[in-house]
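Chains: A, B and C, in written order; residue numbering restarts at 1 for each.
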């Protein structure tokens, strides 16, 4: 019965998709507002990665919202899985020596790679979210190998709140210095250099730290739950 | 003049600050939300004189629209922002004393984020930004519904999450289609180019939006999550969800059908959906003989149906009536849920029979409860009378036979509504309670917001002139698309 | 053939969305329903990127050679906006998914099962 309803619904939705998509020709040049960004991104923002300048400068409020969504998810998970008594880590199969040694060697490189990704967000593909995810995966690796490792949960929480506060503060400072919320008040610098693109690298560093500690905190909550 | 972007930035900053405060002292973090929301309320009230003349366009980042995201603070958005900040300010005062389950700092942070999302929805002028803020609202409400972490709460939150996520996916697909067809995401630019797309495509996109936002606004048949979610959440969360969150769904529907797509001919379908929702909600509420919060939740569904019905009457008076009802329902339903919170706390169960005779032990709460009930049913001299009268008069004024039928159904639904609401009032006052020795009146942190809400309902009912100016401006700004487009993009 | 090559991406994205939707509606295991939500999200992201693609152009990152071509009449890069939108949408999807999974952990703890037909504590 549910299968029949599901099939009918899927069919109706599919037909409506097809009707609209017939008129969005694939591969044709239908860039509207995007042309302005392609032509002017390098002068107005100084970042050679056009996607980064769109994400942080032109559509910065979306990024603020996105950062908030992750914050809400982390808060929600911390709240749902909250328990007053600390559950002790169950007896797990300890990882083999190969995995332990390998993790000890790899962990710093993973963190370094994550930091590289978000510091260079305005020059190469990447950015705060991608770098933060890589950092969190490094922490996930250590939790898998040493489940009793109790990196202080509060430190993750503090780092995450600080990262978010830095982002909102920069946005409000933009209001103070340039009269526009999220306005760019740092020099744009020479293109393709590390210290260029105004507030973009600063925001991305804040986001990278925030997302990294946030996702690591979510992983910690879920692992220490059982 | 204060930059309206602070209306969104201040709650966000407050929410980020709360975990840091909590490191120092957990109890202290309870007091931050009322301060933040009071600041928001004052800022939004101070903007009213300026916005009544001309909408404020806030350009973010210093680039000109449509090459940036802009906030479009017109009277419609500002009225919603005022209602949101007022109601959430009062609920946050209530929550100081009501929320006792740990971890309380996360509750308050999530609450501030919910309000930030709601205000962002009503102030933004970009359709993808609307989606992002809508997600902020939805995800915080999923998390807050599960706050009690009991069996009913987590199940209700799970159902809400699944249905809400499907709705959000539909909205995102609709945004993708709009971008594919128009090449831009700025609402004013889409609105000015809307005639370049074929009506069939616009109908499909509008249908996707209606389904997506309709799940949050809880119109029939997309309201399966609401009774569970609103009855299993802690009462202050039920209040904010019923009072604010579903209204933002209605706001999005209004913005998209009127300003964006100019779908005036299709609005009669929206009225039909509204009337059906109203009847379903009220009949279901009448059938609830046990759980009081479930009854209130079904009543919310019904009231949203009434608001959506009024939205479909495309005259100034109809939209004015819809907005007045938004204000009335936000105040009254929040009041009902806040009062019920301590009533349930006193008798230890949310069954109707357990509350018999409670009116004598909790006099203030019960009087406020009765005021809210009378207002929702539509009796003078309360706010609900003005809104229901405007809606019915506007519908009759159109002269179309369909609307006369609808009006008859609305009156029928009002009778049903009176039936179940008066049942509660009767049980509160005119029945003998069984074992109520331990019941006492609600504490001060609860009585202050309840009293203020009740006074506002009476004030607006007796002197509707207090808000008619603002709401008429709001109705005008919804109907006059040309003004919207030219404010953002410059004269055409 | 040309028609297939042109609509392949739309068909793929649409298929992902529809399969995910079907899973959400018909499956009984809570984790499978959440997986269906993830599929719907992925399909929507692919759809967005496919809408922004222009044939014969490259990624919107201005390397040295592309820097010279800025300002020419016909740009050599793909539309950057859908990419920015998808960045945001992926993060939002991850947030919802994580919250859903933690709720599923709690539901399992309370009910002992993940079968939605048996978790019917809240009736009409």
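Heads up, the rule we're going with is that a contact is a pair of C-beta atoms (placed from the backbone, for glycine too) under 8 Å apart; a residue touches a chain by one contact, two chains touch by 3 or more.
All of these numbers come straight from a predicted model, not from anything done at the bench.
The most centrally placed chain, judged by C-alpha centroids, is B.
For the interfaces A-C and B-C, the C-beta contact count is higher for A-C.
Separation between the centroids of subunit A and subunit B, computed from CA atoms only, is 31 Å.
Here the CA centre of subunit A is 16 Å from the CA centre of subunit C.
Each chain gets one centre point, the mean of its Cα atoms, and the points for subunit B and subunit C are 29 Å apart. For subunit C, residues that reach two or more other chains under the stated contact definition are 17, 21, 51-52, 81, 85, 88, 92, 95-96, 99, 103, 106.
For subunit A, the set of residues touching two or more other chains reads 17, 21, 24, 30-31, 33-34, 37, 59, 62, 65-66, 69, 72-73, 76, 80.
Residues of subunit B found to touch two or more other chains are 128, 132, 135, 139, 142-143, 146, 149, 154, 173, 180, 185. Of all residues in subunit A, only 2-3, 5-7, 9-10, 13-14, 17-18, 21, 24-31, 33-35, 37-39, 41-42, 48-51, 54-55, 59, 62-63, 65-66, 69-70, 72-73, 76-77, 80-81, 124-125, 127, 129, 191-192, 218, 221-222, 225 touch subunit C in the complex they form.
Subunit A makes touch with subunit B in their complex at residues 16-17, 19-21, 23-24, 30-34, 36-37, 44, 57-62, 64-66, 68-69, 71-73, 75-76, 78-80, 82, 84, 154, 157-158, 160-162, 164-165, 168-169, 171-172, 174-175, 178-184. Across the interface of their complex, subunit A is touched by residues 3, 5-6, 9, 12-13, 15-20, 23, 58-63, 66-69, 102-103, 106-107, 109-110, 113, 116-117, 120, 124, 126, 128-129, 132-133, 135-136, 139-140, 142-143, 146-147, 149, 154, 173, 177, 180-186, 189, 198, 200-201, 204-205, 207-208 of subunit B.
Interface of subunit B with subunit C (complex): residues 128, 132, 135, 139, 142-143, 146, 149-152, 154-158, 161-162, 165-166, 168-169, 172-173, 175-176, 179-180, 185, 227-228, 231-232. Note for the complex: subunit C touches subunit B at residues 17, 21, 24, 30, 33-34, 37, 40-41, 44, 47-48, 51-52, 81-82, 85, 88-89, 92, 95-96, 99-100, 103-104, 106-107, 110-111, 119, 121-122.
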